[in-house]
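Following are the structures in question.
Below are two complexes that have chain A in common, paired first with chain B and then with chain C.
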Partner chain A sequence: MATRMNRRGFLGTTAATAGVLAAPGILRAQAETVKVGLVHPVTGALAYSGNQCREGALMAIEDINAAGGIKSLGGAMLEGLVADSQSKPEVGAAETAKAIEGGAAGIVAGYASSITLATSQEAAKTNTPHIVDVGVSDKIVGRDLPNVFRLGPGYGKIAAFAVDNLVAINEGAGSPAKSVMIIHEESAFGTGTAGLLAEKLPEKGFEVLDVIKHANPTRDFTNIALQVKAAQPDIIIPAQYYNEYVLFARTLRQQRIEMQGIYSVLGGAASSFKFVEEFPEAAAYIMDCNHWYNPLSEEALRRRAAAEEKGLYYTYEVYLAYNAVALLADAMEQAGSADKEAVIEALAASTWDGHAMPYGPTKFVDGQNEGGQPVNTQVLDGKIEVILPPDFASAEAVFPMPKG
Partner chain B sequence: MTKLLALLAIFAALFCAPLVIGSEFWLNTVLLALYAALLGQAWNILGGYGGQFSFGHALFFGVGAYSVAVLQVELGLSAWLGLVVGGALAAVVAVIVGFLTARYGLRGSYFALVTLAFAEVFRILSNSVSWTGAGEGILIPLDQRLAALQFPDTASAYWALWAITLACFLAVWRLERSRFGARLMAVRDNEDAAAAIGVDAMQVKLGAMALSGLFMGLAGVFYAQKFLYLDPAIAFGPEKSVEALLVPIVGGIGTLFGPLLGAFALHGVAEIARETMGDAPGLNMIVYGTILVCMVLFLPRGLAGLGKHVRRAFRA
Partner chain C sequence: MFDSAILVPSVLNGITTGALYALVALGLTLIYGVLHIINFAHGALLMVALYMVYFLWKLAGLDPYWSLLIVPPAMFVIGYALQRLVITRASHGRDENILLVTLGLAILIENVALYLFSSDTQVVDTPYGFDVVEMFGAFVPYPKVVAFFGALATAAALWAFIRLTDLGRAIRAVAREKKGARLVGIEVGHVYAMSFGIGVGVLGIAACLLMPSYYVTPQVGHGFVLIAFTIVVLGGMGSFTGALIGGLVIGVVEAVGGLWLGESLGQIGIFAIFILILLFRPQGIMGHQA
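This part shows the complex of A and B:
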């Protein structure tokens, strides 16, 4: 029996054949994926912050891909290679090596300063671009590692900013505060920040009554609170991680310690929605000098809403890690390549302003974004408001804090 | 002699690792396992052969690490000098701690607690004085030349570690066959009986402390030169002490190969758990912990004791 092909059959066969023949061409035309290593401490002592960082970085990848990927690379999609540093520098370095070996064109890491020092150095061996998401130690940049870039400020700048603004807030209220007491955690960020504050505050006329260091973790702040009570400082300056900050602030309230204000510098909880929501009384009127998004930026508010939709608190870890990935992606976009050398060159010349932070366009000097700056926030009526700098302020500072 | 040949064969195979492992990550994993074996064997000299369970071996690790870092950063001296000073100073500190504990007859859990306390004291001290960088830590400038005792690539770091670890294992092999080793094990088994036959328990313990401290200090020097950053928690924190004692406990306390077996088993299990559990944070740690508990429960003499079980099963 002869087999006859009808019109429908002919068209179907032709279409199928054309499809099969064209497939390799289509595959060739599809842009390649660009891998980015995301190394964070998602287990261990820093797990909460590490997970927040990871979520922020993944959100950025999701947004960039949804917007069409890296356009100058033919719409290449970003792929995150997530890794856990287990809150240990040596594991962070090993995971960075693994990500680079897995094809990562850039690294975003590693939350804590000690881990970031190790991950950036590991990336330097292969000249892989490394964006620092959170680590604030001034030792991270300026090590002659051309691959290391940090968008946010280091603690040197933050401490100077904090002192200047404390003076401004105090003078604005008629200079009622004369003395301070600094309470800080013992690692690089707390010690470095406290050291700078203790040096700079006396130059501005403040008497530093005491500087108290505590271990991580510390779960009972009664003794420290009693020391504060005995010294009667006008202002208390904490520089602590989240858990310690919450416990310390609660203990101050429990001990009914009277002061004119709590003015944190990089306060782990002072600018945290979680803290304000869970402990509104302890959080009321606390001021903080910290990383913060630009509250007047619609893009920042959109990102915050998107994070909250995912059930995340929009903490500094989330938006700093988000921006670290976005900065890297922008550099690839500008370079028109994922080649490491080209991306590093693009980063060094970067003038990116899509960060929705109160920074202005990026300008890197020795890996540090010169425009990176903190803001001053204050918890007012259960909300975190920006009080300084005036260009980004959403409320006026309330100082001294109301009694009772 | 068979043991020595086996040891040399294993280390010859380990020497070749950078030549056969193409992956930087897997070479780094083997490096970290070898580093854990060094920590474990250093602890094993005192804990396994001497019966003195220390919970604070991070003390010697930290002394070695900070010595090399401070000599370079604060005094501008050569890291090679730091290597010698780091090892020697760690041994001296170990002898001082050993003398104080032996002088006051502290054994068992008291010895363990005192060593833990010493490590904590050093952690607080290093957190308080400026020349250690205090809480900010100390950063050794990057200078990837062998003249600066830094490693231009993972392979050279690996071979440097391999040499220190081989020296440590050979020292333990020699210890097992020496009169000093026999005295040390006699003190471990029954200190009073050993003293009755003329063994100077304090001298023997101090010798073991010095040897253990020396290799722990060298491990600290290696860490500082590989990662180029130290802070008090990294150097003197309890994590290092736990890592050092966990390895021989899993591998086999008081055995030559125990720390090596333990280190590779622990790192192997950790990597397998990580590879199989995907990206869910912490799941791999749960699997790792469960396997660890099972190993301790069903292999009380460690992996080195497994061979005896197997031989007995074959004979039966």
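This part shows the complex of A and C:
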């Protein structure tokens, strides 16, 4: 069947063809993209946190690209190579290797300490810059690997901070609390944190009645709650992941356990908008020592609003992964290159302050940002308030928690 | 550690938690124990049922216990269709294929759930979520007491069904001698699908009774599926009473083991008992010698 083309059709087709032919020229005119490997546990036991990390990292890439990319590289756009570590260190290492082979100029990984140890080790083989988003184990930055950098604090600093602030809060109330009980999950984060707390708290006059370790997942917390009930500690210190925290806090309430306070270290209700929203009564007065954004920073509040617009809770995973990508991008900006050596050099000398965290400008010593510190939060009137340090506080601590 | 103030509540807690395990295992004992289908998708299907309960609560405000009217029948239909349309066709009647097909289904279902619902932990907030029943000086959460009686009723109903109904007799006939059953006019494909459907439907009951005291994520089934297989073997393949007793034993051993050995090591007791049963009574607590 013969078809006839009219004038309008001819013009349209010609314009479209010209457009297509011109496209490679436009593409050539664009700066190159810089690939960043984003390795997170988006399936498996840590899937919730892994997905939060991935979302945070992608938000950073979106923001950086929207603001013109890496300007010193002619406006190079960032491209995230997303990878799933399946909550397993060995898969994390394999995915890191794959991302590097795929051209990643830097790696942002890996949420859990155990996975981060593997991803950073893998990146070290090719001297690829590796920014730790969350992993708090101090072994991550203590291995003389020049490619590994962590913006946030490690558990050594967090535990010291947690102990000092617990002492301050207790003394502020006339020192009513004398004993504690530590409940922790069994991986590197929980075990390491609990070990440090159990070592430091007796030095400050607290009696550690018991340290109870549990598996992930733990299907039932009644047994642990019963042991807490029998020991009658003044303060309970949990160091757990979210699912276990939810069950544990619910069980404490079901078993009518009375204590002066719940003081979480890394991963408590007092740092989870979701928990506070879903269980406002169980979450009331819980304190936490955890990563937190600077509540006085306009930029932090803007990012929080943007995350919430996407339907995300603005959890620590989101802003720590966001900052890990932004730090890497800043180093590339400073280096004027995506070359691995140059980026590592720029990271080591970084004085970046665009993180909107209560850290001050970055200063890396052996890969650890010296200014990285946690804050203390408490759930008061259904809101998460920062109670310490005083410079960033939005409310005063309520301790001991009111009875009933 | 063995102070009665802790031991009594711990044993009571073990019994009620064990009842929940038994509920998950009851469906499996029908599918695995009677039909010898190793259903690796059991945990994933439990997750599907839990999401149903969650969304009925979230979107329609339906209490998880009222969901008992909807979720088990819906799960039955899913189970029946899966067996008829997917498992039978894809496995071509070979056991090793069935194993791979159900494993594939589990991966598929979990990843679809991850895509659709994300990995957020979801919980339902019921007015009785924090209520407890006081027993022998112990606080037993109300949802667990309900789950305990639910497990008893479900086990009794399944036992009556398999013993007293024509379909129950047909299932037993197919389990014992497939060819013979076909010769006397039993439609074997239908019986398989009905058994699978009922087994998956029981998961629906388990989900309605579990949700008020637990949470759902796409990975939630992992924590239950190994325990359920253990209970089925421990109780005796295909025995509903065995699954119930096995569940309770596992629950109590886990609870007391947790007190004695610490929460991380407590589960050793479960598998120690499992190995002992396999060594000295391989047919399981309530099973019959082959």
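Definition applied: the second predicted complex is superposed on the first by the 372 of 404 C-alpha atoms of A that agree within 3 Å, B and C clash if a C-alpha of one lies under 4 Å from a C-alpha of the other, contacts with A are read in each partner's own complex, and residues count from 1 in each chain.
Note that contacts are C-beta pairs under 8 Å (C-beta built on N, C-alpha and C of every residue); 3 or more make two chains touch, one makes a residue touch a chain.
Because the structure is a prediction, the values reported are computed rather than measured.
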Exercise. Just from the overlay, do chain B and chain C fit on chain A, or is there a clash?
Worked result: clash
Exercise. A:51 contacts which: chain B (first), chain C (second), both, neither?
Worked result: both
Problem set entry | Which superposed partner A:188 touches (first chain B, second chain C, both, neither) | first
For this session: In the overlay, answer first, second, both or neither for which of chain B and chain C A:145 touches.
Result: first
Exercise. So, A:82: does it touch chain B (first), chain C (second), both, or neither?
Worked result: first
Problem set entry | Partner chain(s) touched by A:394 [first = chain B, second = chain C, both, neither] | neither
For this session: Would you sort A:127 into first (chain B), second (chain C), both or neither based on which partner it touches?
Result: neither
For this session: Pick one for A:93: touches chain B only (first), chain C only (second), both, or neither.
Result: first
Exercise. Between chain B (first) and chain C (second), which does A:43 come into contact with in this model arrangement: first, second, both, or neither?
Worked result: both
Exercise. Of the partners chain B and chain C, which touch A:213 in the superposed model: first, second, both, neither?
Worked result: both
Problem set entry | Region of chain C that runs into chain B when the structures are aligned on their shared chain, from 59-67, 77-85 or 95-103 | 95-103
Seminar exercise, completed: chain A positions within both the chain B interface and the chain C interface are 42-43, 47, 50-51, 186, 213
Seminar exercise, completed: Contacts from chain A onto chain B in the complex sit at residues 42-43, 47, 50-51, 54, 82, 84, 86, 88-90, 93-94, 97-98, 100-102, 113-114, 117-118, 121, 124-125, 137, 139, 143-145, 186-188, 190-192, 195, 213, 216
For this session: Spell out the part of chain A that touches chain C in their complex, as residue ranges.
Result: 42-45, 47-48, 50-51, 186, 212-215, 217-220, 222-224, 226-227, 229-230, 242-243, 246-247, 250, 253-256, 274, 278-279, 282
Exercise. Which positions of chain B touch chain A when the two form their complex?
Worked result: 23-25, 28-29, 32, 127, 134-137, 139, 141-142, 153-154, 223, 226-229, 231-234, 239, 274, 279, 281-282, 284-285
Problem set entry | chain C to chain A touching residues, read off their complex | 3, 5-6, 9-10, 13, 17, 110-111, 114, 118-121, 123, 125, 129-130, 132, 139, 141, 213-215, 217-219, 222-224, 255, 258-259, 262-264, 266-267
